[in-house]
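Provided herewith is a single structure, encoded as structure tokens, for subsequent inquiry.
By letter and in written order, the chains are A, B and C; residue numbering begins at 1 in each of them.
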Amino acid sequence: MIGRHKHCIALADYSREEILEVLDLAVSMKEVLQRPIKKVPSLRGKSVVNLFFEASTRTRSSFEIAAKVLSADALNWTSASSSVTKGETLIDTARNLEAMRPDVLVIRHSAGGAPQLVAEHVGCAVVSAGDGAHEHPSQGLLDCFTLREKLGTLEGKTVAIVGDISHSRVARSDIHAMTKLGARVRLCGPPTMMPAGVEALGATVHYQLREAVEGVDAVVMLRIQHERIGDPLIPGTREYSKLWGLNAKKAAEWLRPQCVILHPGPINRGVELSPEVADGPQSVILDQVQNGVAVRMAILYLLAGGNPADAGEAKA
Amino acid sequence: MIGRHKHCIALADYSREEILEVLDLAVSMKEVLQRPIKKVPSLRGKSVVNLFFEASTRTRSSFEIAAKVLSADALNWTSASSSVTKGETLIDTARNLEAMRPDVLVIRHSAGGAPQLVAEHVGCAVVSAGDGAHEHPSQGLLDCFTLREKLGTLEGKTVAIVGDISHSRVARSDIHAMTKLGARVRLCGPPTMMPAGVEALGATVHYQLREAVEGVDAVVMLRIQHERIGDPLIPGTREYSKLWGLNAKKAAEWLRPQCVILHPGPINRGVELSPEVADGPQSVILDQVQNGVAVRMAILYLLAGGNPADAGEAKA
Amino acid sequence: MIGRHKHCIALADYSREEILEVLDLAVSMKEVLQRPIKKVPSLRGKSVVNLFFEASTRTRSSFEIAAKVLSADALNWTSASSSVTKGETLIDTARNLEAMRPDVLVIRHSAGGAPQLVAEHVGCAVVSAGDGAHEHPSQGLLDCFTLREKLGTLEGKTVAIVGDISHSRVARSDIHAMTKLGARVRLCGPPTMMPAGVEALGATVHYQLREAVEGVDAVVMLRIQHERIGDPLIPGTREYSKLWGLNAKKAAEWLRPQCVILHPGPINRGVELSPEVADGPQSVILDQVQNGVAVRMAILYLLAGGNPADAGEAKA
């Protein structure tokens, strides 16, 4: 249970307090990850099923590690090997899995709304690991966690999100969470990749990278999907990189020295980020990966009803 | 050890008492699955290898969960990623796996007889998770478990099994187990899908659905394999559905109100079962899924030599 | 830590004493595998990630079982399902995985040198599970373990390695380890598969199988890669088998009765080994498989910093 929520599907539905509940718990969880023995019994006897309809070793592994550190059992169910290839519907798959009595279903699906649909048909907790271009809530939470860790707070800070805003579930979750935590959000990308009316979410829209990143406290560089390169939305990789990519020269000239750079990964090196920037001192990209495990531990813990006594241990 | 059996390969070889031994133990196992902490130490330090030469996330996951609830380690070995693609024989693969000292090998293979062949060449226990059109013993046992749970007993009950009897390993295991537990079995399907001489197994043969299901206590609707639709055996999906599918109208007119409906899954919605029936009050399909975990826990427990002290705990 | 080593990448870099450290510990580990309860808490709370860029269920499963017997968590990351398909670099993948805080990364890659490259960019221990035609250190160690077990010692013994020496990482690791432990090594294969100047590693070169195997204490028959058959290196399978394969007749006439036969698996039955020889009394191939788990337990234990108190238990 996160605040009023039995599931973790969309940060649009979360209040500031509910978001902070996860982030605060994740601080304790990260501390567990620093120990030589990275294991607490908090979710012993609980089980987490990863139901992935899109390939994603990275996010799946993050949830799997989070479950195992908490002593939960983790089971992977990927679409390539599943009954989905036999024509079973999403809801049938989910209800069948639920009948095996997991405590949490973690779902990634190419269709926006799929996790919500599943949540309406099963009794267990549902966590979205990304659905279409809708939301990727655990990514939004780990981005906020990383910003709190690096900047102290999001209150009064400015964050630029750069890339294909239209197709980015990361952008959507980031905007919801960051604005609720008091940050100002600037969106930047090619006009063909900027959704109409996105200002309604409380962000400003920019088409020049320089204008978007000057003076900000953090930049989130989104991954450009290879499959979109060359389609009418972007003429080509070189063009994109030249206008909206960040390299060492632009970073040195346009960014404040203390500005941090995030990326949800995997990076297209040389496209949205040059290697010097991706591996440079302003990059917090690997912090994001580790924080992702901590945040997902917090989410699983809250939804799977971790044992309060063990929680004490996790926090000890 | 189930009765005299070191393996679980074919219900044709099991006596009534040996079947009941599994079903009785599965009652305790199901009780474990209802607990908030679904974990007992019964098979701690034991290991179960799932060796699947046919895709089946559903059955594999059921065995994997069963192993983990009992605290056994579970390892998945699927043919797509295995040395089988390098030309290794089935027996070589199995003997190599056995050399890694698992306690139970769970095998699914497209060739009938493969698990028996493996059992003759390894020292550990072998469980068939379905072999060709031969048998699928854990499915037969979970179907009987579900019927005992819903009907009290199989003694004197009548069960109709409907579909492609010829190619169904589920049908074969069901017939063996159900008749041994005292049920009368009616088989129904297109004449092209009815094996010659199947009456020798103790079942009656019907070609009209109405005749087969009237007055029965349970109906097992088999899955029609998509790859058989359109081949000479069935003219088409619509034709099959019209003659041998079950929809709300037929169910209301032909079935007794207390008759339960089973399906091994995954369902072809609109073909062998209409959605109204699959999700209706007579359907026990999701019970079957959960009972499948309980029955597989019982099988693994009996074959892997669970600790009697822990068994006490599992039953407590 | 094995001797001075934080990683296990190349036996070329290991001293005799460092090799013996692993083999001695593996004796205790093998004893654990013989117990009814094959589980020790030595690496509880540690995690091992299998990062495989080449299909290998066999080696991956061996490492996975080794990790689980020691109570470590094991996570599989295979290239087919990974971000590598999204264009991420090897180092990015490894550093991302490392950010999730595993204790050991086990890497298989088609490019020689890949594990070393990764080791230079991550903080955790790296174990090579085979890289290109470079080395396969755990295989070399398990082969030596098996020879010590069967022959008592390698000191003063003679071992023939037969097959495609040029492309064999197994041969390379075997040569390094066996010569350091005092064995004489003879290499045999088609001239097109014999690397120039290999004598510099301390082995003798032979082109006639009979000459190579007469009087030896052990023969390691390498697997012929199907993809090389028919290319200019070998005219065909039958030709290869006739000249460099071992069948019952050749084994009876040319080998000493106490000579043992090894093969890294999977076997091409009828090519490098006839079934009679592969399954015959001189074959120790299945011993190798089990010893592989024990040796990998020792490697993981030493690199992941197993608890000395638990080590006592493992040895007890």
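By our rule, a contact is a pair of C-beta atoms (placed from the backbone, for glycine too) under 8 Å apart; a residue touches a chain by one contact, two chains touch by 3 or more.
Not measured: the values here are computed from a predicted model.
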Shared numbers divided by all numbers used: is that above or below half for subunit A and subunit B, i.e. same or different?
different
Superposition of subunit A upon subunit C: rotation angle, C-alpha, nearest 5 degrees:
120
In whole angstrom, the CA-centroid distance of subunit A from subunit B equals 39
Quick check on subunit B: which residues sit in contact with 2+ other chains?
78
Help me check something: in the complex, which residues belonging to subunit A touch subunit C?
33, 35-39, 55-58, 61-62, 64-65, 68-69, 78, 80, 226, 265-269, 286-287, 289-290, 292-293
Give every residue of subunit A touching subunit B within the complex, in rising order.
44-47, 49, 73, 75, 77-78, 81-83, 85-89, 92-93, 95-101, 305
